[in-house]
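Just below sit the structures, each encoded as structure tokens.
Shared between the two complexes below is chain A, which has chain B as its partner in the first and chain C in the second.
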Partner chain A sequence: MKRPSLMQLSLIIVLLALTHLQLATPLSVTEQWQAYWQPQPTHIEQIIFLNADLPRTLLAILLGAAMALSGSLLQQLTQNPLASPMTLGISAGAWCAIVLGGILLPQMPIPIEWLAMIGSLVALGLLGTLAGWRQLHSLSALLAGTALNLLLGSIAGIAVMLNDQYSRSLLVWGAGDLAQNDSHWLSWVCIRLLPALLILPWLCRPLQLLQLGSHAAAAAGLNVLRLAIITSLLALWLNGLAISAVGLIGFISLLAPALARLLGARSPAEQMKYSALLGMMTLLLADTLAMYASQVLPDILPSSAAAGLLGAPLLIYLCLRQPLAEGGELVSPPARSRRKLPLLLCLAVGVVVLVLCAIIGRDGMGQWVWSWPEAQLWSLRWPRLLAACAAGVGLAIAGLILQRLFNNPLASPDLLGISSGASLGMLAGLALGASASQWWFSAGGAALILLLLCWLAPRQTPARLILLGIGLSSLLEAVLQFVMAQGNNDSFQLLNWLAGSSYHTSANQALLLSGLVILLGLFTLPASRVLTLLLLGESHARSNGLNVQRTRWLLLLLAGGISLVISSQFGPMAFIGLVLPQLAIKLGARRIHSQLCLASLLGAVMLGLADLASRTVFFPAQIPVGALGSLACGCLLLLALLARSRSQHA
Partner chain B sequence: MYQLKNITLHRNGHEVLHIEQLDLPANGLTVVLGHNGSGKSTLLKMLAGQFKPDQGQVLLNQTEISRLAPRALAKQVAYMPQQIPQPALLQVRELVELGRFAWRGFWQPWQADDQQRIQQAMQAADVSHLAEHALDEISGGERQRAWLAMLLAQNANMLLLDEPSSALDLAHQYQLMTLLRQQTEQHTCTVIAVLHDLNLALRYADRILALRHGRIWFDGTPSELLNHPKLDDLYGIALDILPREGKHPVAVVA
Partner chain C sequence: MKHLKSLLLCCCLLLSTPLFAAPKRIITLSWEATEYVLALGVTPLAIADRNDYQQWVIAPTLPAQVLDAGGRLEPNLERIYALKPDLIIINPALAAMQGNLQKIAPTILLDSFKAEHNNAVAAEQLQRQLAIQLERTEQHTAFMQQQQAKIDDLRRLITARYGANPPPVCVVRFASPTSFWAYGENSMPEAAMHALGLQNACPQARTAWGTRLRKTPDLAQIKQGLLLHIAPFARQAELFRSPVWQALPVVKQNAVLALPPVWTQGGVYSTTRLAEVITVALLSHQP
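Take a look at the complex of A and B:
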């Protein structure tokens, strides 16, 4: 295929911009021209055109280019074809920082773009520690990014829920809409964007050199660290500007560079030019679609959701055809520890902690109470405690299975897309107004995804299955943004569920959940030899006589089943399934059986404590247990990783 | 044991393997030689059943290899890859135990007979002293020997080894080849190994199979290879054969 020239693309952009304007305003093209050159202050349509429609079009062009360039820079820097601020969790970091900044410091002494920048930097730092700075080209970066997305999303979710008066409007804004009512943001973006673009020409040659790999580039005389810092700061700045101006619009930054590569752009300069133009095009197209849909539909369709609906199928397609390097170790097991693990002691400690979780509470005055609760209180308390513990155990087991199956320490049940399926099912339930049987909807959604995964499992490699899960989660994001943008009660209910709340757990649900988790957990025991064999990797396990396809299918069904049971009750719970098996290794459980026992015990204790914290810390307000658990596990993982980097330096 | 008929295999539009007829009987030590990219590893992977050829048949004891169930295949054929993974969670002893998976499957506990084989295999490969070490704590050569112990524990009568000596020091290279030689002489197993070292091959092989551009260029005994009129074509570089009094002749680059 002959690739279109830059001129042709520019022409298409002009045409698209004209269409965009035409759809926004009743004025004809010549009238628009007049309105611009000879404005009449009394003509109402002209005022709207000059203050709302024209800025919107121009902003779409500018920000499309900014986001596309940000994605292109990150992809060239990390050599990862699926990297973008969205997939690496950087956008989520920026948004989280803006939300927290808005809530904790409402008078806003810090400019919003700096908040976004700080958030992005923190997210990038977390990503680097989590996936390893040298692993950013691999699947690990995407896994870590998705986990960060979920975690930061739930932090922002908690903040929004605790301050719902203020934050309803924040939700609408965070959903990413381009609508403007004066040219303030346009000039704001122009001032900050255009100087940054002047750096780009200097980056072309170093980025080209970097295509050889960082070691070879360094050997050829490139200061790789300096290049990495400058490039990533620039990428974060461009993306942060877009988020500050219009909220989260994710897909452009991934799509445009990918399309540029599909069109055959090779050198860094070409990639940047094509990405920028394609970014303008896609955002204009998405916004035109959003505008059109909002005129036709009763609800607002934010531009980001339109971009998502356009982009998610392409993302899934890209995921399925991208080859990616596999990742390495996450936490190293303690060196040469040959001592026996005191499992009985651990068990005793675990039981004591769980009993404490059951009896500690706060009374009506907010005083701390240490006693066996009375019957009525107990009947409210035990189901949620039991459900939380069961969820912890289940997530630990599912995480362990998946980490060994995919031979990647960052695999976890929330990345399979099953919880996204549950959330989408839940959404469908809300949309259909079926309030009584939401559980069935979420379970149904999760089951659909599980069926899809099981169908794909023998045909696709494990890495691709995970990428598919990531693609599905991004699709979910797009739909969620659409719902959130409505800013009504449904969206709050959904937010609550997404953060993994356990208030409404009934006794029957808790018993069912724990029964199912125990049943599925017992199935894991006979699989333990296979799980050890899989440590060698699939192709070697095959030459040892393992029927890899069937095993993959069975293990996926098992882990997926557990994930389905939990996520249909609690929604997505990030990080827990990822961290617990790794934590068990860190504590010295090398062998499969001890890892399994210790991880499940840790799961029960962890979520038991999270449940305790969720009902006491912000008493009388409650925080969803899932979000707290994710947060706690995330912090633990960071501690473990920091300990690792210190021992490596020593 | 193996019979290959009319094999062709293409990768990215290039023909990487083209073998019209090849029989590999169940005895002796066969060494596969060839230049880089000559299809040695591909041939070995195909024999290990890792993929099917585009055309043609790979028969193992008259059965098409792709029809065999994985465990049935693993009881007959053990394969050592060129690149050995190094999972941190696995200790050497556990790795060797995994060799018994083909015989005991998912649930059946290890028997006394398994334990004995595991011990013997670790002794033969000289890794008994490393039994409690994790795979990422030991050196590349030690890992190669640990993997060999697993293959021996697997007790298959065909060992396929892809450059088994690439990370071994000189002494261990010769020790490994002596061990393989012993195994074949006691008729406990047949070995097919890819090697890069011509002298190692000349000294230990019963049969040498040399590939050039995916086709069989030579198939015969070491002494026949030494007398081959166009030996220089094998690697595309001139070779001198130095006869030594009472010892194996050695080949050096002219």
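Take a look at the complex of A and C:
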């Protein structure tokens, strides 16, 4: 196929822009022309055209370019074909900062673009620490990014839920819609975007050098660190501008550079030019679709959801095709010098903590109480405690299996796409208006994804399966934005579910959940030999008479089954399945059996404590246990990483 | 099915009333139920989202001793248990929790907002139903008479000012400078307008809550009548300076008025309050 020239692409953009305008306004093309050159101040359609429709088209062009360039810069810098502010969790960081800034500091007006910048920087810092700065080209960066997305999303969700009336308009705004009333945001973006673009020509040569690899580039006299700082700051700024102006619109920054590469753009300058043009095209197209749908549908479809619906299938396709380095190790291997682990002592401590979780509470007036609860109070307390503990155990076991299976310490059950399936199912349930039997919908959604995984597992490498999960979670985000954008009561029910709540668990559900987790956990025990063999490498495993293909398939099914059981009840829970196995190894569990035991124990204790905190800390309000658990595990992981880097320096 | 269940439950509760005294310790876990109970002159023990209620619903005023029962989506079961209520009132958002709440105290589900019924009529019926159960039918009758008298007074004021043809009104709440929630068929603001004999200037198709998110340029369709927007709207300046806003017919006719913070998803009390603020706005309007 001959590559379309820049001229041809520009022509398409002009055509798209004209279509976009034509769809927005009832005025004909000649009338539009007249409106521009001989405006009549009394003609309302003309005024709407000049101040709402035209700025919207121009803003779509500008921001499309900004987002695409942001993604292109990040991809060139990290050499990761799937990197983008969305997949690396940077957009989630910016959004989280804007929400927290708006809610916590309403009196101190920090400019919104600076809030976005601070949030993006924090998210990038976290990403680098989590995945390792030298691993940003690999799958690890995407795994860490997805985990960050879930974590930061649930933090923003908690903040929004604690202030629900105030946040309704925040949700509508943040859902990412390009509608305009005047050219305020257009000029706002222009002033901040165009100077930033002037830096781009200076980056082309260094980025070209970087394509040789960072070592070779450094040997050729390039200051790699300086280049990395400038490029990433520029990318974050471009993305932050887009978020500040119109809210979250995710897919453009990933799609446009990918399409540019598909069209054969190789050198940095070419990639940037093509990305920018393709970014304008995709955003215009998505926004045209959004406008059209909003005219046909009873509800408003935000531009971001349209971009997501266009982009997600393409992203999933790219995920299944893209070659990607698998990435290295994180906290493991454990220090060999550790003394033997006193497993019994750990067990005793765990039981004591769990008993404390069961007996501490607050009475009607909010006073702290610690005594054995009465029978009726107990019947309210134990189901959720048990369910939380079972979820912790299950996530820890599933995480351990997956980390061994993929030989990647950042693999975790919430990245398989099963919890996204559960959430999508839940959404379908909400859309169909079923209030009582939502569990069936979420379980059905999760089961569908698990079936898909089982079908794909023998055909695809493990890394691709994880990429598929990441693609699915992005698709989920697109659909979510549509529901959130309505800012109504359904939106809040959904937010609550996404934060992972054990609140609605009945006694039977808790028993069923823990029974299933224990059952699936027992299946893991015979698999432990296999897991040890797999860790030694595939060829070693095969020489020991193991059918690697089938074993992988079975293990995936096992972990997927656990994930299904948990996520259909709780929704997604980030970080828990990722951190606990690592923590168990860090505490000195060396053999797979002791790792399994310790990780499960940690899971039960962690989520037991999270349940206690969710009941009591913000009394009488409650914080969903999943969000608290994720937050606690995320903090633990950061501490572990910081401790490691300190010990390395010492 | 759900309605059948709640109806059955209500019947059981009604039948059991002669056996037990009327409930005194009531916890309401939805704001519309809180309003019904307060309108009947009963002070609930605790309500959900107490602080937000005082900020957004405002009236009927909540007595100071009423406690917070936690969020409306996840009220605190342990606090509810510790308060030993003898009646809990919920709305469909908590339908899945009815079984658990039932363990603590008799729980009734009041489904006030549905596309299938007239929300304004349902609000009166549900409050009457509650009055029977709380043995406060007299208070309910008196309350309804008082509300009707208020509405009649307001109608008279409007007729005195505008004669037989008052201008149509459009009530909105802005979500952002580019979008607003319009209150259409089956919404409480429309019920208030109709009670006052006013027409809705921006009719919307029927939904469960009667609200729908619309775009600012849609306001250009209002050629005559008054645009009333419910305060507070944080980004008002941004909207008001925009040329699109200034070009709207209602803005040019100087027919835009702000309503004080008022709750649009309540019951009879809120509807009367809406009627009051709409009337005040209409009377203060200088064409």
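We adopt the following convention: the second predicted complex is superposed on the first by the 639 of 650 C-alpha atoms of A that agree within 3 Å, B and C clash if a C-alpha of one lies under 4 Å from a C-alpha of the other, contacts with A are read in each partner's own complex, and residues count from 1 in each chain.
Throughout what follows, a residue touches a chain if its C-beta (ideal position, glycine included) is under 8 Å from a C-beta of that chain, and two chains touch if they have at least 3 such contacts.
No experiment lies behind these values; they were computed from the predicted model shown.
> Which partner does A:A179 reach: the first (chain B), the second (chain C), both, or neither?
second
> For the overlaid complexes, name the partner, chain B or chain C, with more touching residues on chain A.
Between chain B and chain C, C touches the greater number of residues in chain A.
> Could you tell me if A:V548 is touching chain B, chain C, both of them or neither one (first, second, both, neither)?
First partner only, chain B.
> With the two structures laid over each other on chain A, which partner does A:S539 touch: chain B (first), chain C (second), both, or neither?
first
> A:R205 in the overlay: touching chain B, chain C, both, or neither? Say first, second, both or neither.
Neither partner.
> Taking the superposition on A as described, I'd like to know which of chain B and chain C A:R134 touches: first, second, both or neither.
neither
> Applying the touch criterion given at the start, work out whether A:D299 contacts chain B, chain C, both or neither, answering first, second, both or neither.
Touch status of A:D299: second partner only.
> Contacts for A:R615 in the overlay, against chain B (first) and chain C (second): which applies, first, second, both or neither?
The answer is second: A:R615 touches chain C but not chain B.
> Scan A:H215 for contacts with chain B and chain C and give back first, second, both or neither.
neither
> Which residues would you name on chain A as touching chain B in one complex and chain C in the other?
none
> Where on chain C is chain A touching in the complex?
2, 49, 52, 55-56, 67-71, 73-79, 81-83, 92-93, 95-97, 99-100, 103-104, 174-179, 181, 205, 209, 211-217, 220, 234, 238-239, 241-245, 247-249
> Using the touch definition up top, name the residues of chain A that touch chain B in the complex.
Within the complex, chain A touches chain B at residues 329, 332-333, 335-336, 338, 407, 526-527, 529-530, 532-533, 535-537, 539-540, 542-548, 585, 590-591.
> Using the touch rule from the top, collect the residues of chain B that touch chain A in their complex.
Residues in contact with chain A: 48-50, 69-75, 77-79, 81, 85, 87-91, 94-95, 98-99, 101-102, 106-107, 132-134, 136-137, 150, 154.
> Mind listing the chain A positions that touch chain C in their complex?
Residue list for chain A touching chain C: 41, 44, 47-48, 50-52, 161, 164-165, 168-169, 172-173, 177, 179-182, 184, 294, 298-300, 361-366, 376-377, 379-381, 435-436, 438, 485-489, 492-493, 496, 501, 503-504, 506, 615, 619-622, 624.
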